[in-house]
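You will see chain A twice below: alongside chain B first, and alongside chain C after that.
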Partner chain A sequence: MKTGNNNILKRIIGTLAIPGIALVIALLVCSNQGVILFETQGNWILFLRATASVMLTTFALSLNLNSGRFDFSIGSIALVSSVISATICINAGLPTPAMLFISIVAGGVLGLCSGLVYVLIKLPPIIVSLGVALFYEGLAFAITDGYGVSFVANQELTSFTNSPWNYVGVIVVALIVFIFILDYTKFGYEYKALVSGQKVAVNTGINEVKNAVGCYAISGALMGVVGFLSATNSGTVQMALNFGSIGTMFTAFLPMFIGGFIGRFCNEKIGYLLGAMTTALMSLTYARLLVDSSVQQIITAVVLVLFLIYLNNENKVIELVMIKNRLKKK
Partner chain B sequence: MGKANIKKYVLNLAPAFGLVALFVAFLVLGTWKDINVAYGLKSILNQSIVVAVVATGAIFIYTLGSFDISLGASTAVSALIGAMVYNRTESIWVMLFVCIGVAVFVGLFNSVLASVFNLPVFVTTIAMLSFLNALVLLLININGTGSEIAIPAPAVVPYNTVEFKMVLLIGFFLLCVFIFSFTKIGRKQKFQGGNPLCAKLSGISEKKMAIIAFVMSGIGVGLGAFLSIIYAPTLTKNTASSVGMDVIIAIVFGGMPVSGGARSKIYAAMIGAFSMTILGQLMVMFNLNSGIGQMVKAVIFLLVVFLATSDQRGKLLPR
Partner chain C sequence: MKKFWALLLTVAMTLTMLVGCGGGSGEGTEAGGIDTSKTVKMGILISDATSAEALAFQNYYREYIGKQYNVELIYSDVLVDAAGEKSAVDTMITNNCKAIISFSSFDRAAQIQQCQDAGVYYAIATGTLTEEEYETYKGYEYYVGAIGPSLDVEFQTGYDMAKHYLDQGKTNFAIFGGAIPYYTEMHIYRAAGMLTAMVEAGGEGANYKGAADAGAIIGQIFADGGVDVTSIGNINIVGYVGGYDMTDAWWGAVGQMTGTAGLEVILAVGNGSDFFGTGIANTDIEIASVDAYAETYGEAMKGDSLHYLAGKFSASIGPIFVATYRAALGDPVRTAEGNALALSQGYWIATSADEFDTYYSVDSSIESPAYTKDVLDTLLTASYDDFAKFVGAYSFEEIQAMK
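Our next item is the complex of A and B:
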């Protein structure tokens, strides 16, 4: 009984340690500067929007990356889906939920196309994603003649940013759907089998092509939501050529590694959410303290490297601590 | 020579044939559309040379089956520090050595970080990309006018010539060809990339190979930084901003397998860099919308790589 309680306690501590430490550091740093971290509703909105965006991007990236498929095109899918949904909604006078729906469908279709190209031409996914990213960036540019889309004055489409609960809804629904798909469906079981052993899984009769295309479609739909969140926040969709869209992908690496670590103590998807919350906390702290963007980038890069060093040398660190403890006892 | 061998040779040379075809298309179309072909060729050289030099050095990293996404940012940082040093010393040669030194230091830092702490090289370079991009902004803010760092244009005029650039490009290319194809280092690198376990059991040091690869890549990046300054002596946050991704595209377009190993080709970077630039110029000749031009480029890119690797399809989906 005692062991069971200890186990649960260990899991809770393991799950909450990183976001908890990040929160304490953020609060301490802010109070030291005389700033309240969550002072206004705007601060909550900023935090939740960043959490939602980063969490969805992390889901999208990890879905293919865990299978060894590196996808540079996810940012371009967010771009094109937001261009399509915003253009349709502005021209047809459709409301915000319609824009969200169209974004998800457009993202899903774009992801599906990307997946089909991959399984048809059978090139390494990294190469396919480079070509697809170039193609989609060009497509977005061609659709808008390079001007992008602007709907800053459209109060209906920009109203999504008014309430923090909208973002909470996105986070909760996306998390439930993602967990359901990966943990409670045949698709999810087959996905996990393919992740752990491609050849064995294929030899047992799993249709890898179907599963891979499905992964790309889901990843695309998730990026459709990211595109929607970004567009409704700024009221504009700005163009990107020559791989200008790949920056979106880089926001997901730190939360993905944090999520992978937390995933040892709870469901990995919840780990990704907590990883996203951690990076969103960092973003909010930077914003509240008016930290220069270049300094933000440096801090984030250093945190990523330090975290990776720990992850890849965990055994050595534990060994060192044990040796130190033994020496102390002697 | 059997049919299979002929097919293998043809596929192997597909990127080179592609470059020749693009070059001929450029000459024919250029003459037909009555553009100044000589000026066009000079423009192609100026646009390709930085990517060609950086990508040729990067082949050593790709041969190991690794991947460096921070090369563009590294080029920018090296160029900025080189320019700052020039403004202090007024010596173009000191600037060249500083550019190379900084780039080699960044490459070594990457390789040491990856090999000492057992980090995946690609992730290390992602973190480095973020760090170097931030450093570019900081350097410009601290040492420039807030938006740029410039050196006097007359200082670089004698070097901004086709002849000087060709000497640099060919000199570095020959050095790389020599090391890659005629020394033990090149053979070990291919072995290491093709089968790391077997290479390790044969006594090849993984760390040593990684360090050599990053040093060679660093020299390429340093030369690329130097050439960037020569071409445009006013450096901004956009300097070399597209080089990082262009290098990857050039290497793959030139027929280099991303998995590295025995099929790696040192000339792939050069073929790829020039092919992509000529392709871009052809799009301009057709007056295509930039977006449509990029879409056509993407399709041709995938098509060429597909054709060049059509004998490498396995039963399973590649990862």
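Our next item is the complex of A and C:
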């Protein structure tokens, strides 16, 4: 019984340690500067929007990356889906929920196309995704004649940013749907089997091509939501060319590594959420303290590198601690 | 009989040649000492394909200039660094371009030198060289020059923008610094103009971090790489955001700035409405921007998300085209001392949606833009003084009067 309680305690500590430490550091740093971290509703909105956006990007990235498919096109899918949804809604006078729905559908279709290109061409995914990213960036440019989309003055479509609960809704629904798809469906079981060992999984009759295309489509739909969140936040969709959309993908690496670590103690998807919350806390702290962007980049890079160093040398660290404990006992 | 056929053939060939030289807009005419019958191949270097300003400029060249004049315009890819510029210039030289007009400014000096060495005329499409750079290159035979807002004009633009609101009694401002953190001179000078106007309006002894004149304020911004949230006498800068990071932290800072208590006006050194427009919805906060005349800004003005626009007009790049065209045809425009052009041009200011619409309808027209061919053709034979006078008369009303 005691061992069982210890295990639960260990899992709770392991799950909450990183976001907890990040929160304490953020609160201490802000307090030291005489700033309240969560002072206004706007601060909550920033935190929740960043959490939602980064969590969805992490889901989208990890879905393919866990299977060894590096997908550079996810940022461009967010771009094109938001261009399509915003353009349709502006012209047809549709409300915000319609924009969200169209973004998800458009993202899903774009992801599906990306997946089909990958399985048909059979080139390494890293190369295919670069080509797809360039194509989608060009597509967005062509649709808007390069001007992007602006609906700053459209109070209906930009109203999504007014309430933090909208973002809470996005986070909760996306998390539940993602966990359901990967943990409670045939597709999810097959996905996990393929991640664990593709050859064995294929020999058991799993269709890896179908599963890969499905992953791309789901990833695209998730990025459709990211595009929606970004567009409704600013009221504009700015164009990106020459791989300008790739940056979106990199926001997901730190939370993905953190999520992977936390995933040892709980569901990996919840780990991704907590990883996204950790990076959102960092973003909020930067914003509250008006930290210079170059300093932000340095801090984020240092945190990422230190975390990767730890992950790569975890066994050595544990060994060192054990040796130290043994020596102490002697 | 043989003589008759020979004569007939000669007449037919002569007629064919004459017909071949005629027809087509802008072809086969003599303008002053220039033979415009020759098609001039020109390269256009592009480094931005997505901003409203860049799109408007390119639209004017592609849809109007390229069709009105006997020129073949070759556009580069979107350039992202100095190496790309060098490669694009090489390609254009290899393709026998007689002149290059550049919108790309990663390494101006290298571009000018490369063109000088190759004997290809080079012009800066918009913007100007620094005084030091101009002194270095003004005597280069193949450097045509630059026409665009000088740093003095940029300073004045920021000054006028801030003064517009100071005169209305506004006292609480936020500044969007655009590319100030990347030390972009035109943005620094616009911000310095804003701060200088605040110092003048701030009352006895007002200063910005101890700086009370334009030169000192410019120096202070260069030293800091930004603008501080501070008071200038009885004028307050209650918020500042710089850069174009577009990260969550950056958007957070943007959101915080628009939510600052007491904020009345956001003065942007570049495009402000796209970043702050949603944040000021349902408030009395006003936004002032510097950019170009694009449809979206008209909508922003109508939707109360933009209230003041100092915008470049797309046809402002017409005169530098004519100067380059003339140079390529053997009649470059030079100062009395034989130097390259360095002429300054300013912005059109719109403070209402109606004013914006008036300017935009002209600026966006590809049938009758601000500078039409007829208007520009007057520059084909103009002396330097007339050329300078033409460029200096850049207000909307002055240009309309030329038509």
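In the analysis below, the second predicted complex is superposed on the first by the 329 of 330 C-alpha atoms of A that agree within 3 Å, B and C clash if a C-alpha of one lies under 4 Å from a C-alpha of the other, contacts with A are read in each partner's own complex, and residues count from 1 in each chain.
Throughout what follows, a contact is a pair of C-beta atoms (placed from the backbone, for glycine too) under 8 Å apart; a residue touches a chain by one contact, two chains touch by 3 or more.
These numbers come from a predicted model, not from an experiment.
Superposition of the two complexes onto chain A shows a clash between chain B and chain C.
By the touch criterion defined above, A:A301 lies against chain B but remains apart from chain C after alignment on the C-alpha atoms of chain A.
Chain A is touched at more residues by one of its partners, and among chain B and chain C that partner is B.
Contacts of A:A50 after superposition on the shared chain: chain C is touched, whereas chain B is not. In the superposed pair of complexes, A:Y286 makes contact with chain C only, with no contact to chain B. When the two complexes are overlaid on their common chain A, residue A:V152 makes contact with chain C while staying clear of chain B. In the superposed model, A:G235 lies in contact with chain C only, and not with chain B. Contacts of A:F141 after superposition on the shared chain: both chain B and chain C are touched.
Comparing the two interfaces of chain A, the one with chain B and the one with chain C have residues 141, 145-146, 241-242, 293, 296 in common. Residue ranges of chain A in contact with chain C, taken from their complex: 40, 42-43, 45-46, 49-50, 53-54, 141, 145-148, 150, 152-155, 158, 161, 233-236, 238-242, 251, 279-280, 282-284, 286-288, 290-293, 296.
Across the interface of their complex, chain A is touched by residues 49-50, 52, 55, 78, 80, 181, 243, 245-253, 255-256, 259, 273-275, 277-278, 281-282, 294-296, 299-300, 302-305 of chain C. Across the complex, chain A meets chain B through its residues 67-69, 117-119, 121-128, 130-132, 134-135, 137-143, 145-146, 198-199, 202, 208-209, 212, 241-243, 246, 250, 253, 293-298, 300-302, 304-305, 308-309, 312-313.
For chain B in complex with chain A, the residues that touch the partner chain are 67, 113, 117-120, 123-124, 126-131, 133-135, 137-138, 141, 242, 245-246, 248-249, 252, 258-259, 289-299, 301-302, 305-306, 309, 313-319.
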